[in-house]
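Across the two complexes that follow, subunit A remains constant while its partner is subunit B and subsequently subunit C.
Moving on, here comes the complex of A and B:
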């Protein structure tokens, strides 16, 4: 009995640590494998996987497709985040006004985020179809020329941003709504006593107080948009030409269409590094904002 | 006398019942084969299928196979691009979900090289599993059958060596046009590519007056090798061009290649569907059948849909013609054949072989074509079956128009135009991107093809000896 108790007391910490350890290993092993394979010429068709040092990374620097993918990834991220944060913020404000049927509006507002992104992409693809799609039909009804939407290189990126915004504006809006509902009342009462304008209150009170929430939304959406794959692949497959070819889609072509796994992993490691650096910066900003708002 | 009449009536009735039951027994035909169909009873096979008319013709017949063999069949159906990607993941990861899958020579070249597809010769030559006389392999048209054989030689060896798949349908690329509109608008059927450009440009203009608007020409355009494969490669090879030189360098940017590509891109810009780069063959077929296009330069077998009044508003109004000719009078067409192949990872290979034997037997193929519209058949006995002849003779502006085209394709014009190599679909993807760039005006045709050639040369480096 004594012996058994001493075994537990000696090892309980290790046993409790085990799930976290396994989880960490489960995450790190595939990641480590990807990094290692990015230094090889791993190809599923030929079966080769020879170590080639930084060969894949050097190739990336000379590959115009890679630079285009990087540009498209950043444009997509900036466009989608502006849409989602902007509209999400306005939506949260409107949903907090206590309008008639507020509960129904909130439920309806949340619906798109419950759709699998691929389903949303296919749904929008049908609506955006230039010949038989409902969007062009409606545009033509009111006298406008139809658009090529996903089929035109000048409109495709904006179109996939619209689809992404449709799915993720509710996500941003709900986090903003929770933030707005938790704002302290006292500063607003003081501002009302001082007779300051609504615009001034918004700029000098609401925005600074919501800064941690805004940064959290930015963190989630920027990370997600940089890695984005499903909506774009389902809607355009990265086309027309390379108009919507993000780094994730480019990596997918190299891996599961062309079987160049080593080169695909190099793309993904670069993408991971970008996500990591930006996340690190945003988390730092968020910590700073929290301490400014809540002290400490 | 009464008794005799009674007896004759009874015997007659028994005979009639016997004949009727004999005709209705769907297994009787297969049981004539010297094959132990029940040898793998209780096994379950999983089949990977593409969303395709062949798949729709196979599904209703599967219960016959299950009844015949006691083997259960599960299947997964996915749209074409997603199907090939899912299959690649399954095969490359060693998952082995699929025992049998739909395939095609262009894909088999990769699968064979990587060791993901079974050589069917092993099973064909096993008398315990195969009744060669009953199966009658000579009944297959030579082109699709040979297209599924390859000895592994890069840039050669087609029709020799391993047997990777059994062809279940074949498609060539011809012109299908709205004959009613042609007569109304006073157009002629194009016989050269500049003529095609001129005709389709006029059709696109005239179509603007129609309600709803009729567009010029439907053709697939997604960012994939399949966009290159169909009408475009048909035009390209008609101009005497190849994808690769014998030394495996890209040949897509010769002066003649640029000339025909310019015409093709011009056609798409002036008369193609709006948003062409996002257009799939499913879209092209359905919108032509819905009466929204004057012409389509894609698969010939779509005729089965166009001529079905339940699925089409252009039934009886469509004309068919060979692809236009090059300036020297040459005509060619690319060829695609869907086949059934066996996964090298399958744990039920013998049972899978029985499935292949059954699915591609003359009777199954005939039922698929006659009852469920699987066109174009790969067996001569099916294409020449009187009921199939009667059905297809009506397709076109004059009796037998469609059949003449298919016959001419089999005999003379149609064949696989790609150079065999495991990276052929990657090569096609790069080429499709060049077409997009030219169509979108991002680069002149010459530069788009030159840039694509550089990428193809890099891609092909690993296959050079």
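Moving on, here comes the complex of A and C:
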């Protein structure tokens, strides 16, 4: 009887699971295809797809455009993540003070995170227009010089970081806010009794307790920034002069503008490897932090 | 006295900070709304106009898909069709994900079997993988097997976004239900299906709704899949926004109106499920 039920229940488990499993395998097929084709000179125009070993990867190491896009990707990621975590923290603090109308402010604050990123990019592109854009108008109104924003090769990367921050500061902010609201009360009462300074409590109590939440924000933001495509593509298409050419955008050009699919796949495999290793590491750190907080 | 002063100055700084934060959030939305109700002349005027005679012409051009007559060319973006395409593809993709994902999530939450965590992590890794690594091969494969540019092809492709999300989030919702409830029902003589229907389903119903709505938003907001895998006829709304940049000029007003119409479903839905946003955006890792 017992045996029969466990057999039955295992069948149910697999039966329920099977359709999703098949779809997942279906998704893994294109992944495998990418990896295999990155070792060929697959080209949509010429129709070739011969095995060339690690030829594409060797070509990458000698390709200054690849190194530039790697640099841009990393700069974009570091810039956007610092910006979003920093402002997100401040925002969580401000929205937790109990100032008048807090509920409305919280709702308003999180709206941008749900915008289609391309729409956000277009909105900002309209405002950042060098000649008739409202930003330069407002800047000049208070006596600053206008900027070329997305159009200048030195300001474009900073401009797309700003757009990304507009969308994802709320992401960081609302997760920090949830973390702050879930903090236990007792250690803080103990600290107050002991008369420790606010800064000390923040450093020795709040930050360690918030570590899991901070790691989750870092995990999601770093991964999304590394593979980033849509905001940058909609705002600058990688220009001007490759100033915002991230790895994803570069791979897109290699595939669709120059139909050099094999080489594009090599770009993506490299990017995927970076993302995979980093996410594996961060997920591990996160699990450790969770068990520290809940175990200690 | 000294202390009071300190508190009120902190409060002042905080209030100013909050105002700046809210301006930063609201101004872009306000400004695009502003542009969307200006005439073609007002919208490109300098200095930009904060006060003007509002017009709904941009919306009528966009929503009715009317042709816009330029000096040298006529631009027609057929926006209503793209909007409908987005609805079709997103509903189909979310429907499939829920149909397949909810049972799988239940199975992951309730049973132990070999390789279960591997499966869950494979799904999670899809969330972090660069989209193009899947889309480019799909572009080649779909063209070869003849489903390039079709609705069902895109619905399948969108599973990369909606399926991992549905499985991970629903698994958390099922795990929130105490096992004791199921045990009690089993003792009362309910079958497996009876337990699922009478005990689990009513308890996870809000979770199912939140998951479906959030995956709908993610699918709606998606750009790259639609951009590469759709044909002119099946193009979703996000990539179609690029069509407002013509050779002659950028159609600022129409573009703003189209942007507003495109972002509206996401924003409205997001306000409804605000309670689940933190949980949803972190794949269930942070329970807000």
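The rule we apply is simple: the second predicted complex is superposed on the first by the 277 of 296 C-alpha atoms of A that agree within 3 Å, B and C clash if a C-alpha of one lies under 4 Å from a C-alpha of the other, contacts with A are read in each partner's own complex, and residues count from 1 in each chain.
Keep this in mind: a residue touches a chain if its C-beta (ideal position, glycine included) is under 8 Å from a C-beta of that chain, and two chains touch if they have at least 3 such contacts.
As the structure is a computational prediction, the values presented were derived from the model and not from experiment.
Chemist: One more residue to check, A:37. First (subunit B), second (subunit C), both or neither?
Modeler: second
Chemist: Should A:46 be classified as contacting the first partner (subunit B), the second (subunit C), both, or neither?
Modeler: first
Chemist: Using the touch definition from the top, say if A:153 reaches subunit B (first), subunit C (second), both or neither.
Modeler: It touches subunit B, and subunit C stays clear.
Chemist: Which of the two partners, first being subunit B and second being subunit C, lies in contact with A:238: first, second, both, or neither?
Modeler: first
Chemist: Once the shared chain is lined up, is A:113 touching subunit B (first), subunit C (second), both, or neither of them?
Modeler: After superposition on chain A, A:113 lies in contact with subunit C alone.
Chemist: Taking the superposition on A as described, I'd like to know which of subunit B and subunit C A:131 touches: first, second, both or neither.
Modeler: It touches subunit B and subunit C both.
Chemist: Under the stated touch criterion, name the partner, subunit B or subunit C, that contacts more residues in subunit A.
Modeler: C
Chemist: Pick one for A:89: touches subunit B only (first), subunit C only (second), both, or neither.
Modeler: After superposing on A, A:89 lies clear of both subunit B and subunit C.
Chemist: Touching A:66, do we find subunit B (first), subunit C (second), both, or neither?
Modeler: Neither: A:66 stays clear of subunit B and subunit C.
Chemist: What residues on subunit A does subunit C touch that subunit B touches too?
Modeler: 131-132, 256
Chemist: State the interface residues of subunit B toward subunit A in the complex, per the touch definition above.
Modeler: Listed in rising order, the residues are 81, 85, 88-89, 92, 110, 113-114, 215, 221-224, 273-279, 283, 287, 290, 292, 422-423, 425-426, 429, 433, 436-437, 439-440, 442, 459, 462.
Chemist: Would you tell me which residues of subunit A are touching subunit C in their complex?
Modeler: Against subunit C, subunit A makes touches at 9-10, 12-14, 16-17, 19-21, 23-24, 26-31, 33-34, 37, 90-91, 94-95, 97, 99, 105, 107-120, 122-124, 126-127, 131-134, 137, 166, 170-171, 174-175, 178-179, 212-213, 216, 220, 223, 226-227, 229-230, 233-234, 247-248, 251-252, 255-256, 261, 264-265, 268-269, 271-272, 275-276, 279, 283, 286.
Chemist: For subunit A, which residues are in contact with subunit B within the complex?
Modeler: Within the complex, subunit A touches subunit B at residues 43-47, 125, 129-132, 146, 148-153, 156, 236-243, 253, 256-259.
Chemist: Please output the residues of subunit C touching subunit A within their complex, sorted ascending.
Modeler: For subunit C paired with subunit A, touching residues are 11, 14-15, 17-18, 21-22, 24-26, 28-29, 31-32, 35, 44-48, 99-101, 103-104, 106-108, 110-111, 113, 119, 122-134, 136-138, 140-141, 156, 159-160, 163, 167, 192, 217, 220-224, 228, 238-239, 241-242, 252, 255-256, 259, 262-263, 266-267, 269-271, 274, 277-278, 281-282, 285-288.
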